[in-house]
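Down below are the structures I want you to see.
Two complexes are shown next, each including subunit A; its partner changes from subunit B in the first to subunit C in the second.
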Partner chain A sequence: MRSERYIPYVLVLPSVVFLLFLFAWPLLEALLLSVRNSSGWTLEHFQRMAADLYFKDALKYTLLLTLTIVPLQVGLALGMALLLGSIAKGRDLFLYVWTIPLGISDLAAGIVWLAIFTERGYLNSFLQAVGVIQQPQLWLSYETPWMIFLAVVAAEVWRATAIVFVILVAGLQLIPKEYGEAAEVFGATPWQRFWKVTLPLLRPSLQVALILRTILALEVFAVVVALGGRNLPVLAGEAYYWYNAYQNPGVAAAYAVLILGISVAATLLYLRLMRTKQEAVG
Partner chain B sequence: MAGIRVENIEKSFGKFKALSGVSLEVRDQEFVVLLGPSGCGKTTLLRIIAGLEQADRGRVWIGEREVSGLPPRSRRVAMVFQNYAVFPHLTVFENIAFGLRMQKAPAEKIKAKVEQAATLMHIENLLGRYPAQLSGGQRQRVAVARALAVEPEVLLMDEPLSNLDALLRLEMRAELKRLLAESRTTTLYVTHDQVEAMSLADRIAVMNAGQIVQYDQPMKVYQEPANTFVGGFIGSPPMNFLRLPVEGQQARLASLVLALPSEVSGAEVLLGVRPEDFEVYTDQRPQSFPAEVLVVEPLGPHLLLTLRFGEQLLKATVPPDFAVRPGQTIWLKPQPGRLRWLEPTSGQALTAR
Partner chain C sequence: MRKGKWIWLGLSGALLVLSAVWAQQAASLLFVSTQFTPIEEAQRMRQVILRDFQGRVEFIPEDNAPFTNRILSEVRAGRVNVGLAGGLHGDFPPLVAAGALDTLDDVMNQLQNRRFSPTFVSLGKMGTPNQIYIPWMQATYIMVANRQALQYLPAGANLNTLTYSQLKEWAANVQRATGRRMLGFPAGPRGLMHRFTQGYLYPSYTKSAVTKFRSAEAESMWLEFKSLWQHVNPQSTTYDFMQEPLLSGEVWIAWDHIARLRDALNQRPNDFVAFPAPIGPYGRGFMPVLAGLAIPKGSPNRSTAVALIEYLTRPEVQVTTLVQNGFFPVIQVRLPDNLPQGIRMGADAIARQAQSNVALPSLLPVGLGARGGEYNKVFQDTFARIVLRNEDVRRVLDSEAANLRRIMNETRAPCWSPDPASSGACPVD
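This part shows the complex of A and B:
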């Protein structure tokens, strides 16, 4: 009997080793990279990052993108998931169609939307055809960062809402229908049922979806590069330029650590705000 | 004023017919128990009345209103679910308060009603807990308290005491009966415990295979079962059914000749007698027939005898001090007023009721 106590540890060992090598070690390396130079410990990389011309915009746009994209996605996905619940026939078809964007890489998604917004893209052709504009408009230029911003939001919502959707659909399916029925019998309107029963019971799934999407939104990069290059600076993009173009791994690592810090803070905030009480599973 | 009336309810799940033409009327303030074996459609009927399930055919009235097309919240009923459906994210207090909160009742009223209902179900010390911290029986009582707290005119209860220990069940049963009579609540109560049904009901509706086979006062259902199913399902041990030969207007039971209430077409007839409706003697008496004792079971208040009469087995109960042993022949005198005659092929009672 005693030896059985070790079995779980033996079984998780391979994944622990894997995580140590591929996550913990590079993470530690990046951390060290950001606070060391050839002569020892330093905050020089962080100072250079903060003093950089692009830093403030990158931070601003990353946070703004996250604050725009995540609520939009969660709201949309929640609506879609609830709609799906009341569809009886062809449910699977809707599910598959809505999850297609999941299979598209973010760079490809960025290029798809570039094809729409570029000077000779679909949007301009369409607007010209219906006669709204005479000349092709330049949508995604450095003079109109807000247009780039909107294009990125559109592309990200189109591309990554499905993952939230899938999580919420799974979460909704886990809620036994008897709770909704009990609420209905005791006089709850559909609206009250949503707020008082469905949403609280969906909280664990919402938490997962929010954390996942927020972290991914803070790392947004490929879509931005495809649509706006550096005209819409973001944190992950800056890390890339400092590493590649400026050949400065220290400052790149400082950016990476900053993203990590914001992600951790956001996660802790979610966990705290949406703390599940003692209920466990009923 | 709110009775319940359902008319010709039919409901199929795929090919399976769960309810085939159920009609039932529960009068205002009446306590009706739906009694039947597992899977006979009791829950389905309750869910149709509550509006949680749509009937394929038939109509439902609550009070003066036809509610067939209305959503559950407009039907103004309260329900105790068979699987409790106690909200896991709410405390016991909030669970019981749920219906009142939906009605936007004032806070003092909510507090008073919740405490009242909780005290009645003996869960007043659990109000701050979450359902995951309760036992099954406690959760069930929360479900009952939640339904009582809204003081509905119509109350639907689906086996509300099934998960309680025998003693608690007895106590809760009596308290429910008192409370619901006091508050004049129209109640439809599902159970497959026949003792519970007998003790609570103004009338019992016995269901079998998606149909109501008898709907009458408890003692009528007990003493005058409409068919062999009811006689066998209600009463423990069940009613005896003896197959007897018919001679004209009479049936023959050994040397006994018993008058039949009506003409019988076949050569045989079934005699239904409850085990306690025999007078038992160790010597021959007039108007009695002999049977051999196979088993003697002392059950406390009485002895249960398993007997053989010809090729047929029957059960009889006798006082606990009755001296009898297996192998002995005893004489049984059926009490004349307690006989039930049934048609052997259909199992339906002969008596014109």
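This part shows the complex of A and C:
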């Protein structure tokens, strides 16, 4: 049957067409949009982006948020995934409860945390009821940007640790029990088993989780908008304002291309730093 | 044979679905609007305001940029789906410039008995000899205060003739008494703070918004506003709609668009008062907002669109629009006595603001087209740099004036009220 040779290609074709149509094409359009204006090729959009009032802060806060949130989430998720492994009874219950935030949209998560931190929010009501403060305290004000930053970190960790967790749980389940048992037989301590057996074998899952979370963290937007408005500018937010409020698609595309560039660089870095040898995967 | 039967069945099913979709599209009028984008307003538009219209209307609210892009690209492609376009005065210039809108002189003639405000009718011509849009509804920005704040009004101050320095004194008194900053402005990402600087602050202090952008008067205005800001709730930079902080009690005195204050006035009319914007050295700068209805060239069902315009400008529908969504009639109409108290308070404040002898109305930007957003950015950034970031006023005004000048020169937009008329692009002195 000659035709069977083509079947895999035919089966892959719809997804390739889909990707070309909905990813590659808009990507190309955005690239062109960022380097062209009515009179031809130009770097004007990038210059205006770099000269803008919010550019430096947006870049700074986006990178800072990524550098804070991603390690926190990976650490937390790893701990949670390992804990889950040693739970015998009610394991499914924990799994489901821990993944609930996965089902919540990022804007909704931002609004939930806003309801906590706002002047008449739950936090102030609680502190006032306990008697710690006499008057509502302002948490999310432009006068205290670090507090908005912490609120965003809290909301993001709460919201998106679950995705890292799910990937790592799946990865842990792929590791055959025999390795750990063999190490135990040779007298390895639990710490040594984690460090020398589990972690190296978990590397492919960690890589996926890190790449995914870093890319998503670089695109952070709705949570920040809900909690800080423009007081904590981020790159994706600036792209939105330039497209929607200032109606300048060129500068918006320049921001998008910048986010893409940073994401690609981060992904390449991860792929390089965490290269897995084929035999290690088993 | 079996297989063939299934295929036929599937095909005819698909055809049925397609024809149903097509039939619905052909029968209903697509009404795209930059107004009523909040979900509750859109629902009230669909379920209440449009309820008695004979004909099917699909009401789609859009943000300004997709609204413009959609109509422009449909008209360019020669496949127009939008039957009726509703927008603010300032949303239409890019469509007029591209020749994407039909003239509506015939519709205006049909509506002779409506008693439109003549100013609005002439604004609807957009500087051309023909009617481009039919006035739809109007709104403006006013002030609302919690009654608890009234006891701290400075001696001799009257709410209806409040000056900017009295407003500052008032907010300072409130802060002294309560320990909190209780004056609020909508300076959040979707707030309309830039309309305050463009249409209220600048005209009141300079009788201009563009020409005297970096004048000495503007410099002292910003210094004064910066000292007023000491008494402003710092959460203002996250407020989009002032009705929420007013209702929660975070803010006692606020300025905003009437539609973004209506929940406070409607829900607790006895707790709040509505009053006109403050008065500056040149008078009371304020900005009336006019929305209109236009028909794209090549609209698929013009007669239904005309019928809908006729419907929306009926006196009873104009009152329904006011009651439901807080936009005021553009025709002369007697407001019914059973109007909710909150709406009546808003209507009174608007009338006092517009009719006093110090009134200094200024238009929303005219002729900036797609650059309207960047024009707003100049005012937003100027505010953020001077007031929030403490930059030197003179240096900020000079550098932002360069941005303003670039926008004016690129669009070649002549000055609009209250700036004195110019022959070419509006100059920034």
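By our rule, the second predicted complex is superposed on the first by the 277 of 282 C-alpha atoms of A that agree within 3 Å, B and C clash if a C-alpha of one lies under 4 Å from a C-alpha of the other, contacts with A are read in each partner's own complex, and residues count from 1 in each chain.
Heads up, the rule we're going with is that a contact is a pair of C-beta atoms (placed from the backbone, for glycine too) under 8 Å apart; a residue touches a chain by one contact, two chains touch by 3 or more.
Predicted, not measured: the structure shown is a model, and the values here were computed from it.
With subunit A as the common reference, subunit B sits beside subunit C without any clash. Once the two complexes are overlaid on the shared chain, A:185 sits against subunit B while remaining clear of subunit C.
Of the two partner chains placed by superposition, only subunit C is touched by A:247; subunit B is not. When the shared chain is aligned, no partner comes close enough to touch A:15: not subunit B, not subunit C.
When both complexes are overlaid on chain A, the residue A:140 reaches subunit C alone and has no touch with subunit B.
Using the contact criterion defined above for the overlaid structures, shared-chain residue A:39 touches neither subunit B nor subunit C, since it reaches no partner.
Superposition on the common chain places the nearest Cα atoms of subunit B and subunit C 49 Å from each other. Applying the stated touch rule to the two superposed structures, the subunit B and subunit C interfaces on subunit A have no residue in common.
By the touch criterion given at the top, residues 53, 118-120, 135-136, 138, 140-143, 225, 228-231, 237, 241, 243-248 of subunit A touch subunit C in their complex. Across the interface of their complex, subunit A is touched by residues 63-65, 68, 179-180, 188-189, 233-235, 237-238, 248-250, 370-374, 376-377, 381, 384-385, 388 of subunit C.
Against subunit A, the residues of subunit B that register as touching in their complex are 50-52, 71-73, 76-79, 81, 83, 85-89, 98-99, 102-103, 130-133, 146, 150.
Looking at the complex, you find that subunit A touches subunit B at residues 176, 178-179, 181-189, 192, 196-197, 200-201, 203, 277-282.
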